[in-house]
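Scrolling down, you'll hit the structures one after another.
Below, chain A partners chain B and then partners chain C, in two separate complexes.
Now for the complex of A and B:
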């Protein structure tokens, strides 16, 4: 009887909340927090290798989902390496070889700088609600904070992760934890966020952790935002191939 | 007595010349066949060892687990110290570091943008060290069909098949795209110093060769190597000895908690080579055994025929008063003299022929060019091999079979009835 009561209460909570806010509304709010028209950020990526860890500092400029330019600032070996993304195309420039190389085909599946993120992870430009069917599964507590658990199933073909499950904080509207799966249901990647801060009226995570679950003994990759500016002016020339060599 | 019999043999050519020629020929054939089979198998082992496995290979334990993925981050560090230890502990081998790595090779156009691109399988080999024998092992002088040996760390050799696909030639620039030892994205410019053709089917379809110093620079692997390969000084693979050394090394480096501790892998532990080594040894024993038995039967038969041919002579000698034992023993002594002479001559001839093909080989290049083998590398030229056992193996057919044949034929002497001798001699 008690179990039945708990079940009814849970159902009422889920559907009660979803009556106020649909799953699509939740994801839209989440997108608003995470993305902006223009964004400039300085970050450090800490890649925990099997033998040692490396830290790469970089500066990125991005406009929406489709344009992004990144320049590595340190360490010395990586400094000056630049990456330009324009829609579904990606180029890198390395000062050692003075070559601009387009990353395409199977190279997109390679990891970025040996991290737990692949180039393909950053190539998806479409909003989540356009490419996934969304289902609000339940509510769940993580670290005493209430979250919606949303399951996403691909409605278009060719996605790197046909299934995803996200735990979205009900206050921050941020996916504090996310699991990404293959079509078979095999867990491929996990992402978590913390150190949430308010920036220009939005909540934003300043610490991410990515983990490629297929990498044996992987200790994951941390991405730490040092500084971020939303909606700042970015010149259109920032996203030109010519700037890669400069 | 021996001098008397020897003189008899020399003077009577029918009793000595023909049997000696037969024994010499068969012993020579036995020796060459064994030497060629052994050398042919060793050629297969050596080619696989040079390109893939070494007769011994030292890697880290963690690298061994993921060896198919060529994980550079699990490579051996402080390679020079490790090689010094190996040289000291296993002086019958010479040791050479190597880096196997994959990636893309990108050929730029005049604007330094991609003109053509292909996946590549690269091998960083120690060509430049003073005491390195890798240039000899890879037979660079033979396989380079255009251009020159790499002379600096940023020069590479590219296979003719890959050069054709990318439409490049000697002197052009090629950019390697891949990951460093720390899995960082890397690009590195190389100059193509030459084009090679291994003449081993599809083995070199996507292959580039370079000095290990170039690989270390491109992959940020200073002082590191994915593998250390070991070869015997005479380049002859002895499976039992290889197993013993491998077991000894792994016993003394048995630190189960350290995944980066070194582990030795013998040639037989690589891919399907264990089955190949066992099968080859078994096949060699069976084929050699059958061949030896056939030759022994032939020579035995020759001994029997010889006994029968001398039926009248033996009867006469018995009639003149020689004892059956004396006649029997003299025939055996003659067989020993002929057998020994034939064996010595046959061994000399067989070893000479074997040595000739050990130095010059027999080429099968065209036939093998059509075959697509990856796990096992087939040599395009087979070389025979002179081994110590070839110096005495001829005694079996040459001496033992001849003497046994004569002993069997000679038993007829004891069945001769003395009373019948004159009657037989009349006819």
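Now for the complex of A and C:
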């Protein structure tokens, strides 16, 4: 009986915070922080290779989950390369070939610019709570900060990662660390976030690190946000295919 | 009589005849040898493809395009009943094709993952000339291993994998979800068919169907030699041997013009030698021509004599080729020609020891071609004789 009481007490300690917030509320808050109606950002992607690293600077415009337009600004070799995402379709334009290519099927599995991110990774458009069953596993400390550990299991078909686990900061409501698993449970990818800053009343990470865990000795890919604007005006024409060639 | 005189004249010319005959026989030899090599290459590629890959032919899923990996995602379905019957009779076997990524030594590499029944004996990926066990059998009875894998030697070299090594395989299943497991190299096969080797991993088909969530599905079905085309293969497309080796034929055909230029140069050299000898003969043998005419030989017979002398060159060249070069040709046909490099790395299906094939057709066409060329270059200079005046010819004056 005593053991049962201790167990109940410890359970209430672990999940004390979740008395107010359900796991779905936590994830909704997280989605709110990470996503917005409109967003314009300038970022740098640092792709660490075995021998050397490459940095690609780009500017992106996005509206909700479904529309996004990215243009590479530097280096000269990559400048002018554009990418348009509309719902589940993705097109890229390369000035070298002057061609627009739709990325579909197995091409989505390819990495973006040799990074640890695949096109498929950025094609996930639906809010997490709609596509995953969520389970609050426990609380855990990372760098002396308290986090909820949430396990996600796919409730719809067609998701790249059937299982995910996220460590969500209890103050920032951001997934400071995330692990993405294969169907078999094998860890495929990890994503970590830091350099959290407050922007227009929300917490937002300015530094991401993506890592393909199947690659040995990989340093992963860093994504650094240089400047971000939330809820700014974006013209509908920004998301037209015609703009890819301009 | 004309033949006897022509032969005597040829023998009398000694070194000049020998040189003409020798040059002609070299051309004969080179043309035969190179054409034989090409026929050998074609025959080898065809036989190797049949033995190691296509057997009697295949039935493809309508969306399947082996040179477009993007098509693999949509090129699988349940096997048509008629083909299923062939499989049950062990006269055919299914193959399931998909894309995957492997991580040998932690580095990512895109590959084509093919599921094959380990027990099949219709093809032997190491070729039928080997006494070794069919390599697909090495995939059988390994329930304790997550994914037993068979790879080719070139693939092993590229990935630095050895037998017993493990590596991660990642794939997208039919529901577009990522999955990954550990593969173990069960066997490294030594195949001369690069299409089965480079960029391909082979796993048991049941495992592949299970991994990809495609139970009882396949991309194509390969059937045994001698099996007739089935009447109803549904929407699956029948591909016969000729269709399946058309790419090899095209590659060999594309290489032919270069050799035809070489043959042309060789024939020109032969023709020039004989042409030169004929012109010189007519110039130097003016008195002989005049005597023959004075003794009553008609102009046309004299032209015939000189043409015959020239044409006999090709006959003697044929004999010389058989005597001098025949043993070399025979030796290569028996022992083969060791090639300095492994062409499979370049995507060519060429044996490491190439055996030329000299068909009757090749020998006959080469003989006839050289004969005609020699006859023509012997005839044209001889025509000058028909314009000769016998008295001038007797004085050794050549007028045309």
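Methods note: the second predicted complex is superposed on the first by the 235 of 246 C-alpha atoms of A that agree within 3 Å, B and C clash if a C-alpha of one lies under 4 Å from a C-alpha of the other, contacts with A are read in each partner's own complex, and residues count from 1 in each chain.
The definition used in the following text is that a residue touches a chain if its C-beta (ideal position, glycine included) is under 8 Å from a C-beta of that chain, and two chains touch if they have at least 3 such contacts.
In this text the structure is predicted, and so the values were computed from the model without any measurement.
*Asks:* Superpose on chain A as described above, then tell me if chain B and chain C fit or clash.
*Replies:* clash
*Asks:* Should A:102 be classified as contacting the first partner (chain B), the second (chain C), both, or neither?
*Replies:* After superposing on A, A:102 lies in contact with chain B but is clear of chain C.
*Asks:* With the two complexes superposed on chain A, say which partner A:32 touches: chain B (first), chain C (second), both, or neither.
*Replies:* After superposition on chain A, A:32 lies in contact with neither partner.
*Asks:* Once the shared chain is lined up, is A:212 touching chain B (first), chain C (second), both, or neither of them?
*Replies:* Once the two structures are laid over each other on A, A:212 reaches chain C alone.
*Asks:* Considering only touches as defined above, state whether A:184 meets chain B (first), chain C (second), both or neither.
*Replies:* Touch partner of A:184: chain C, not chain B.
*Asks:* Should A:200 be classified as contacting the first partner (chain B), the second (chain C), both, or neither?
*Replies:* A:200 contacts neither chain B nor chain C.
*Asks:* Using the superposition on chain A described above, determine whether A:51 touches chain B (first), chain C (second), both, or neither.
*Replies:* After superposition on chain A, A:51 lies in contact with chain B alone.
*Asks:* Any idea which of 44-52, 296-304 or 404-412 of chain B is the one running into chain C?
*Replies:* Only 44-52 shows clashing C-alpha atoms.
*Asks:* Once the two structures are superposed, pull the chain A residues common to the chain B and chain C interfaces.
*Replies:* 107, 216
*Asks:* Across the complex, what residues on chain B touch chain A?
*Replies:* Contact set of chain B toward chain A: 62, 66, 73-74, 104, 106, 108, 112-114, 175, 177, 179-180, 182-189, 220, 260.
*Asks:* Could you please specify the touching residues of chain A with respect to chain B in the complex?
*Replies:* Chain A reaches chain B through residues 47, 49-52, 54, 56, 77-78, 81, 92, 94, 96-102, 107, 110-115, 216.
*Asks:* Flag every residue of chain C that touches chain A in the complex, lowest number first.
*Replies:* 69-70, 72-74, 99, 101, 103, 105-108, 168, 170, 172-173, 175-181
*Asks:* In the complex of these two chains, what residues of chain A are touching chain C?
*Replies:* 105-107, 109, 154, 157-162, 182-184, 186, 188, 212, 214-218
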